[in-house]
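First subunit A sits with subunit B, and in the next complex the same chain sits with subunit C.
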Partner chain A sequence: MRALDPTRLLAMARKEVLQLRRDPRSLILAFLLPVALLVFFGYAISWDVSDIRLVVVDQDRGAKARELLDGFRASGRFAIVGRLERTADIGPLLDRGQARIVLVIPPRFDADLGAGRTAVVQAIVDGSDANTATIALGYAQAIVQQFSARALFQTRRVRLPVTAATRIWYNEELSSRNMIVPGLVAVIMMIIAGLLTSLTIAREWERGTMEQLASTPVSRLEVLLGKLLPYLAIGLVDVALCSLLGVVIFRVPFRGDVFFLMGASFAFLVGTLGLGLVISALARTQLLATQIGMIATFLPGFLLSGFMFPIDNMPLVLRAITYLVPARYFLVVTRGIFLKGVGPEVLWSEGLLMVLYAFAGLGLAAHSFRKELG
Partner chain B sequence: MRLPERFDRLVEMVHKELIQVFRDPRLARIVLVAPVLQLLVFGYVVTTDVRRIPTFVVDQDRTRASRDLVQTLAASGYFRIVGRSDRPRDLVEALDHGRAVAGVDVPRGFARDAARQAATVQLVFDGTNSNTATVGSGYAERIVMAYALRQGSPGRSLPVDLRARAWFNPNLRSSDYNVPAVMGQLLLILSLLLTSLAVVREREAGTLEQLMVSPLTAGELIIGKTVPFALLGVFEMVLITSVALFWFRVPFQGSFLLLLPAGLLFILCMLGAGLLISTVSNTQQEAMLTSFLVIMPVMLLSGFMFPVSSMPVAFQWLTLLNPLRHFLEIVRAIFLKGAGLEALWPQYLALLVMGAGLLSFATTRFHKTVS
Partner chain C sequence: MSAPAVTVERLTRRFGAFTAVDEVSFEVARGEVFGFLGPNGAGKTTTIKMLTGLLQPSSGRGTVAGFDLAREVESVKRSIGYMSQLFSLYGDLTVEENIAFFAGLYGVPRARRAGRRDWVLEMAGLKDHRSRLTQELSLGWKQRLALGTAMIHEPPVLFLDEPTSGVDPISRRDFWDLIGGLAARGTTVFVSTHYMEEAEYCHRLALMSRGRIIALDRPAGLRAAMPAPLIEIQTDDSPRVVEALEGAEGVIEVGLFGRAVHVIVRDAERARAELPRVLAAAGLAVRGLQVVEPSLEDVFVALVHLSNQGAAT
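Moving on, here comes the complex of A and B:
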């Protein structure tokens, strides 16, 4: 008997589709969830830090101090929400969370500038959210530095021999949305694909229908592929929908090739769906399968894929683990296609790794399935 | 009916649930191991510290001045040189491939122009990660300026120096902020998902009817179903706090006695939500997908990874309805600021109201669906 017969495979896939259709909620969720998540999070989450609440302690009150503050105001990043007379009031202010950053301009600011001494301006920042604090300090530094360069020229007639000209590529307006939306496509698909299939075999075990399936002429590979095909189709439609919405609603540039995106999605989905099948075959109960599925997809998808947190910054052990996360590769592909407009000539290594992953996922699924059934 | 008898029945019910949860040792292992794993990952990964940015250098000048400049950038610790070349085309390729996210292009004639005070060095940043590009370009520009000042007029210093001091978290360690917050994530997933699945499983297996014909009242049934997960939740809280304190050395300024009631109130909210989901789901798959639909927004709109203050105003209002947002505020304030009830009572109150509301609504619906 052949291990893979197209007729039996299609019959198996049809059975799975029928089962899905009988469960309209799962079907609706499979299509709507990714789209809803993308729209929702595309709007809601952002790392663009703006309107940082700034309070000023101006002990100088000179023209130069005002000029520096104008720089903060004009940047659009800070909102000057108040002034304080005494530095002793800073503590209570930060405790109550009324300011995120307090700028202290020293009494002899103007005089120091004129005399060629370095004037020290203090920035006291609420460090409890270290990330936001770092970004806010980065903006503050940039503003002070611009002021500094101007002061150098105006008051001391010093011309700098070297200047830096900075250009930003791919995401010229530095909007975090352009980074988040293509990334979300990859992360959401990893979670959805993993979750969709993680239950499907466990359910057959729990209901006792697995033994029935085993007694039919359907081979294991046909069972696996039959379960995979409908979800693969759903996943491909999901990717297309999400990408379309990203471009239409969020105006994220799409500079690459649609067909390459779909090809890469195909490989990615097969691998991730395979992973879900492995979990499902091993777990045997739906309760356990969901728990493992969540841990195996949710966390790695969001954290270990480079979605928001650069892989370069991670400790060595975690960096090694990221190579096992398929979303890591898919993310490079989606961002490359959306923002950089590059194709297979650049992304071939990621594409190849995803194909490898797909084969590994399928092979592992077949193996664990055989062991459980045998 | 006598009270002790009812109590006995409750204990029996809780006992049965605990047996059922732990009958599968793999589930027990997951409940124990997952939190620690997640803590480690969150603690190490969730950081936006910008350092060691992979940088590609194109030096078309090949003079001492150009090498000095590149060396200054590398020595700062913010930039890690991953490749060098003298052709700008290689820089484009390195950024396209993602091998580098920053580029320095020193043009031909740089040293000569610098002597005439008119040299320009090109800095290129991959804007894909807007955060790295913003902070990194700031660092690079500052370093170039300091370099220029040293070259142009040695002995001079910058006119204005900005000295930063951080309160509550002087070293600006991201893990101090994020590790305690993992508690919220784990309690969320654990109590919501397990509760909803545990109830639906009985319905799927048909054992819910059996329980209904037993002398247990619906109230006792609900308590019996939820108490085991509440116990698990408290256990996880202690576990996470220990790992945070002893492994990550997160400072703990406040009191655990304040943390515990906050955790219980939050668990109450999640048990209510889980029960509610179970009343609208017929299969475990439905329950899981619905739970998931709830967990994602609750997690991402809590201020956990994405600060609430960066959201559009409408979403900022929406987060007030999110129990996790209030719980995280309490957790972070207790860990980092040592805040007490006088500062945190609004959050406690919000959790209490939401918990009571969710649970009573869920109980009413549960009554309806079983009878």
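Moving on, here comes the complex of A and C:
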């Protein structure tokens, strides 16, 4: 008795395809949802900070003060939305969120600069959104430093001892979208792959067809692989579709090898589809399987894959959990392929871990399925 | 000479503290239609699940088509067809797709598939509906299609677990004609039912109650073995007559039988004198009262009752 008979495997896979073709919900999940998620999150998520609302309290009204404000305006990061006469009005303004940052230019600003004294400008930042506040402050400091260097150069005719000549690689415009879209491909595929298979075994239990299957010579492995193969093909199509949309709609560079991406996707999908099968085998009802599937894919996909938050900054326990999240590896691979154009020579460890994950996912699926069948 | 199609020795299945099947032993000959009868929860389905490799026995041994249930379960599965209590084909596949799917699972050789498919369509009367979704078929058709797919690989042994539940009487009769035809061509049919009139179609019957086989014989043999005489009473108010006679002196069991009342009694002569008096005292008119030949249903009611009494004392 062979455990893997091609005829039975093919019969199983063909049956899954026929059922899939007649199930609009699965078709939407398979082809529409990944595209919708990519477009939605691709537009919605951005870590670029621009048009920070700035209010000025200019107590000097000199030429130098105007020059400094021009620097803020020209940076493109700040929008000067108003002016205040009295510093006492700053508090209520920040309370109501009308400004993120308030710049106070003291009296004698111009005079101090002309006399070669250090002039102080005060920046008051709304720190309730720590992330934006830090970024806004960084921009403000850079602008002020630039201004002060220029002032130094003009008044004393000296050279700056050190300047940094920076050049940014891989993502020249430092556009967060270039980082987000390849990551999204990984996160979305984890969600789709996990959800796709999570229904398949539960459906057979719920409809009583599992008992009929169990009475035939079909083996566990044939049932599992027969269910997995059609979804693997769909998953590969989805990866290609999402990548294409990323390049066409979001203008994300694609510098690597398409075949390497497909190879890595293969390993990633087998593991994640296997995870869905484990959920399906354990849940036994479609409702429960969907609920577990959602929780097991959405949250870890977005939060623990390194997509939103760098894994290095996480507490040890969470960092350990991230190793169970398949998107964690795939994300490094998609970003590497899209932005850096690197291949297996760099990404081999992630690739290897995904292959291991694939075997583990399948093994676990076979194990959790065994308890129920014969 | 040929070996039996099914042999079972002290087969037992426990679920926790509950014993669903309790040391059951029997043999089924090749080409026999073997009926399994008994009330719900008697252990019929559990026995069939053990014989089809769906459940592992807690203890005891068994062979199906010559293969050992414990060691050769894969060979057992290739040699049987199984039709479960609930319809379990794929409703979202067409008739033909269901047939092709099971032909693939049972490894029917490619050259024979078209022939087998046509045989199933012909047998189930579904030639004109081959492209319809299975969920759109009537229950009778679904059942015949399920029988056909269970026979797709021409197995020597067929297990049917209450195959006709919920089906109208005409479809039921057609179904039993099909089973009779299969058995005539050498297929062993192991069938469970709780319809007593269907028991007459079986060559031999096993009656299960509380996990045990309490009788096993041909239908005629069982009728002859009626342990106590049966009296039929004609009356205009059967329900009240049943009420009045329940627990009366000398009455083993009383129940409705069509519009009449059947009473199983310890002694026919005494009952003939006693029962009219009891009913008259209750103010109930009797139009007729006579000793009758028991039907299989009467026999089973009496046997189950006596075996329960035996278990209680």
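In this section, the second predicted complex is superposed on the first by the 358 of 374 C-alpha atoms of A that agree within 3 Å, B and C clash if a C-alpha of one lies under 4 Å from a C-alpha of the other, contacts with A are read in each partner's own complex, and residues count from 1 in each chain.
Heads up, the rule we're going with is that a contact is a pair of C-beta atoms (placed from the backbone, for glycine too) under 8 Å apart; a residue touches a chain by one contact, two chains touch by 3 or more.
On a predicted model such as this, the values are computed, not experimentally measured, just so you know.
Engineer: After the alignment on subunit A, I want to confirm one thing: do subunit B and subunit C clash, or do they fit together?
Structural biologist: Aligned on subunit A, subunit B and subunit C fit with no clash.
Engineer: With the two complexes superposed on chain A, say which partner A:23 touches: subunit B (first), subunit C (second), both, or neither.
Structural biologist: Both subunit B and subunit C are touched by A:23.
Engineer: Looking only at subunit A, is it subunit B or subunit C that touches more of its residues?
Structural biologist: B
Engineer: Have a look at where A:46 lands relative to subunit B and subunit C in the superposition and call it first, second, both or neither.
Structural biologist: In the superposition, A:46 touches subunit B alone.
Engineer: Could you look at A:86 and tell me whether it touches subunit B, subunit C, both or neither (first, second, both, neither)?
Structural biologist: In the superposed model, A:86 contacts neither subunit B nor subunit C.
Engineer: Please compute the subunit B to subunit A to subunit C angle from C-alpha centroids in the superposed arrangement, rounded to the nearest 10 degrees.
Structural biologist: About 80 degrees between subunit B and subunit C, seen from subunit A.
Engineer: Name the contact category of A:212: first (subunit B only), second (subunit C only), both, or neither.
Structural biologist: Touch partner of A:212: subunit C, not subunit B.
Engineer: For A:5 in the superposed arrangement: first (subunit B), second (subunit C), both or neither?
Structural biologist: second
Engineer: Using only C-alpha atoms, work out how near subunit B sits to subunit C after the chain A superposition, in angstrom.
Structural biologist: Scanning every C-alpha pair, the shortest subunit B to subunit C distance is 13 Å.
Engineer: Indicate the residue numbers of subunit A shared between its subunit B interface and its subunit C interface, in ascending order.
Structural biologist: On subunit A, the overlap between the subunit B and subunit C contacts is residues 23.
Engineer: So in the complex, the part of subunit A that touches subunit C is made up of which residues?
Structural biologist: Subunit A reaches subunit C through residues 1, 5, 7-8, 10-12, 14-15, 18-19, 22-23, 207-209, 211-218, 374.
Engineer: Touching residues of subunit A toward subunit B in the complex: what are they?
Structural biologist: 23, 25-26, 29, 33, 36-37, 40-41, 43-51, 68, 91, 94-95, 113, 116, 118-135, 137-142, 144-145, 147-149, 151-152, 155-156, 158-176, 178-179, 195, 199, 203, 206, 283, 285-288, 290-292, 294-295, 299, 302-304, 308-310, 312-315, 318, 332, 335-336, 339-340, 342, 346
Engineer: Would you tell me which residues of subunit C are touching subunit A in their complex?
Structural biologist: 52-54, 56, 73-75, 77-78, 80, 82, 84, 86-93, 97, 100-107, 133
Engineer: Quick one: which bits of subunit B touch subunit A in the complex? Just the residue numbers, please.
Structural biologist: 24, 26-27, 30, 34, 37-38, 41-42, 44-54, 69, 95-98, 101, 114-115, 117-135, 137-142, 144-145, 147-149, 151-153, 156-170, 172-174, 176-177, 189, 193-194, 197-198, 201, 204, 283-286, 288-290, 292-293, 296-297, 300-301, 305-307, 309-312, 315, 332, 336-337, 343
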